[in-house]
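Each of the next two complexes has subunit A plus one other chain: subunit B in the first, subunit C in the second.
For the complex of A and B:
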């Protein structure tokens, strides 16, 4: 931290341009948002905590916050269950197939999330692929209600955010020394034991990174939540949008945004903590 | 892989070059362009396919659309006061009141608009000419429902369980439906309890609530719902695309509001904007928009009513004038509270 460049200036000064950019376009707008959260809807000269009291004192709004955080948790879990095997597969493939797998994983990110979500509407709808197939086979008589349910939202969120989970795990696993797996086998561990005692702990940093990315993306996924959930499943993004543009209540929307941001940061902090403690267990 | 042959100086020079190119005044490079607002759904199609080419032929300028609901346009103009992102705003009756109160639009320069006086007297508003009327009724799928529904109570019919649709209250359709439901159940603009009681009774039948008009149209296209409140123009456009949907006017009467164009305060190209609005008032353009699939109700006195409008809504302009309006002055301020109440009482 106290290093110096060749000219003798302190090293940290090199970060000033980017730091200035960061402050101007990231910190300053956040500060303005926080300032707005202390006003009331009608007058903007006195500071008050009324908006926070309004949000935190109401069971309905707290319920929405909790539902959103819980939705993120469930979607991240499903994403992990499907994403980890995909990343693990990359270890077993030759370099050419690895590149192909990487391409297939990145491909969805190249299309807009709106397009992908609409594609899911076609798949999950009453006349959609899933229901038509199940009815044709004869497993069900009337189409299943998959759209506009929380299950549907979790499924679509997990698929849409899958690349964000797979890539960090893949990157971490590929850096692991291959000899470790051979060593484990030579010491008598079967495939499952190697997976549980060796592969999983070593990939934990990647898993934690993937979970953080996916969690943040899932709870703020306005498009997917509203298109698949409809207006009946209300989560924080839709609620903030309704208050900001529908009811024109900027202070309340700002207060909600701040509370939401703090809640998500707290979850991310917990996930980070989990990553750090488990790292100690591997090498300790 | 070879080491890339770029040093810091080259990188900085390239970055500077890109920045300079971005800062070039684009006016030098592009032809004249007007930025206008339009509604989502069938409106932006009608405007881009019919009005924009008509305008281009008249002035040679091209049109860029900003697709936003009326309420969002008011928010956007209020937020960007002094530097509006578009020059022509399109509002429904309630937003005109808001916009005038907040000083977002200017009085329409009638002198510069030759077609203005061709409008019927009730559509000649000093803040902006009315370009059409929007009427709501009960949309239904004729393939699944053989007899057209006759009243709003039909939505409560148990045989439609899980097949009724609703739209969120951020659109005009949602609010107008709520007000009308309130009225037929005995409520007034000061008391919305009857409407919410009726909505609660309707809940078991409701299959889906679309979060916005785009999602709502998808519900019809995917045949997720069979019966729901809907807008005359949207029904016609979906019909034009082959989606099975028809509009039935309930026996209690149709409800409607007017839509108008406005010149935004601080517009960057006010003369072009007035020409754009004036183009939309011309008889030949309104006749073109009246055709299938847009079926936009004309406001120019020289344009006769034809087609689906005469079949569903009224044979003459006098009939259309009888369509019930909503008391927006009283309803508008309650909008935020209504949305909040809707969320609390209707969402799961």
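For the complex of A and C:
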């Protein structure tokens, strides 16, 4: 059909406005960003690889990059462990309850991230809900340090981004033919076996889509990272922001942004690849 | 045999049950705790509060900076949503029902703001707008928001279009309706709920945007989420909890309205 409607009207021109907008205001800024990353200094616009050498030769900045990518991985994993059962459960509810569950899942994505993160400060603090409960039931004597720790950041990121995991998994599970589950059961497979051999492989596209969305959101979650991580836990978004506005070192901040973007896109690419190869195994 | 199966089903049910209950509590509890905390009558953010009052909500009425910031965020979010709907729906009509490679490529391009670190884009936009003279203007800020919010409208519009029965369009055209007429009387009413859901998400995400606003606002224009972020970073003020409470309740009301009129949860599944 190639972008034509049933009786031959070309409709592709309708994509032109957004296409032009993207060229002017999305691609161009990123291209300028990339150009700046080759400048030697904010004032001297000669092109070198100096900023990249500085980034890759510095253990501190490399450590921040690694911590950020690793943080995203851990938060994504937590989301998957809690999100998958929720999506699975939704499939077995009556339409009324299903809508109610969806409502509860969607509410957090629409509520401001600052607000949700702020709620966690009230919960995780040394006088917070978790610590007071644990002390009250005698599990601990002194309050645990949860705020300003990596565990805290992972926990909050997982909560804040959980809906992004649940929704795509739910969407793929709904499209799976229910008879396949019954067939699996009547052929003698138990619940776990059906999950590993039927449900999970069939819902893999949703799992991959969820992981990609959650991962991309977690590594760049500036608000949650800074508010829960505090001043001592530094991740890439805050570091780029500090270098760009605090230190006014635009070329270095630009180089860091480019490396960060490439690293995130590489992880997304790997996740996509994972989805494709394992699909091959199921049907092959 | 039957016994082994029972143990299997039991352990499966228990695992799924426990994990999903924890997930549900995890999703809902923070918001509830925040709402209750914001109703405190004391000066500190303790849960449970020692007593309840609406004093911090009343204090919001005098918080000029907060109100200004909320107004700025609202204005930018409205313009962002309007532009995102116009650009997004047009693009969805062009690429939504095409399997051609160029359509797939455009789709990936238009969705890429969801995957790329928004903060890096915000910084790039700052440098670029400095060059072309749009830096620190409301127009530049809105343009930045549109780039990161239009994917939500596009995605939901394409999903709605894929549910559309092509026979409807053919029927309309064979009865002599022009393309614009068909769009207005057939396509648009049928995809409106999907577009509405996308517009709603785009609005909320613009209203809540930090990584782009961080670079594109000037010193005088405060945006609500950034203002709140700064207050929370420096001194925890109970008014922040009240402001958060207002945002939560407003979100809830908007969601219920969206569910009523657009079937929000149906559009997103």
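Here, the second predicted complex is superposed on the first by the 265 of 284 C-alpha atoms of A that agree within 3 Å, B and C clash if a C-alpha of one lies under 4 Å from a C-alpha of the other, contacts with A are read in each partner's own complex, and residues count from 1 in each chain.
Assume a contact is a pair of C-beta atoms (placed from the backbone, for glycine too) under 8 Å apart; a residue touches a chain by one contact, two chains touch by 3 or more.
As the structure is a prediction and not an experimental result, all values here were calculated from the model.
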item: Overlay on subunit A: subunit C relative to subunit B, clash or fit; value: clash
item: Which of subunit B and subunit C A:226 touches, first, second, both or neither; value: both
item: Subunit B versus subunit C as contact partner of A:127, first or second or both or neither; value: both
item: Which of subunit B and subunit C A:148 touches, first, second, both or neither; value: first
item: Partner contacting more residues of subunit A (subunit B vs subunit C); value: C
item: Subunit B versus subunit C as contact partner of A:260, first or second or both or neither; value: second
item: First (subunit B), second (subunit C), both or neither touched by A:119; value: second
item: Contacts of A:62 with subunit B and subunit C, given as first, second, both or neither; value: neither
item: Which of subunit B and subunit C A:234 touches, first, second, both or neither; value: first
item: First, second, both or neither for A:247, with subunit B first and subunit C second; value: first
item: Stretch of subunit C penetrating subunit B in the combined three-chain arrangement, among 75-83, 165-173, 183-191 or 201-209; value: 183-191
item: Interface residues of subunit A shared between complexes with subunit B and subunit C; value: 118, 121-122, 127-128, 226-227, 244-245
item: Subunit C contact footprint on subunit A (complex, rising order); value: 1-3, 5-7, 9, 11-15, 17-19, 21-22, 25-26, 28-30, 32-33, 36, 81-83, 85-86, 88-89, 99, 102-123, 127-129, 158-159, 162-163, 167, 170-171, 174, 190-193, 195, 212-213, 216, 219-220, 222-223, 226-227, 236-237, 240-241, 244-245, 250, 253-254, 257-258, 260-261, 264-265, 268
item: Residue numbers on subunit B that touch subunit A, as the complex places them; value: 71-72, 75, 162, 166-170, 206-212, 215, 218, 222-224, 335-337, 339-340, 343-344, 346-348
item: Subunit C residues within the subunit A interface of the complex; value: 4-5, 8-9, 11-13, 15-16, 19-20, 22-24, 26-31, 33-34, 37, 45-47, 86-88, 90-91, 93-95, 97-100, 102-103, 106, 109-110, 112-121, 123-129, 131, 143-144, 146-147, 150, 154, 166, 169-170, 173, 179, 200-201, 204, 207-208, 210-211, 214-215, 225, 228-229, 232-233, 236, 240-241, 244, 247-248, 251-252, 254-255, 259, 264-266, 268-269
item: Parts of subunit A lying in touch with subunit B, wherever the complex brings them together; value: 60, 118, 121-122, 125-128, 145, 147-148, 226-227, 229-234, 238-239, 242-249
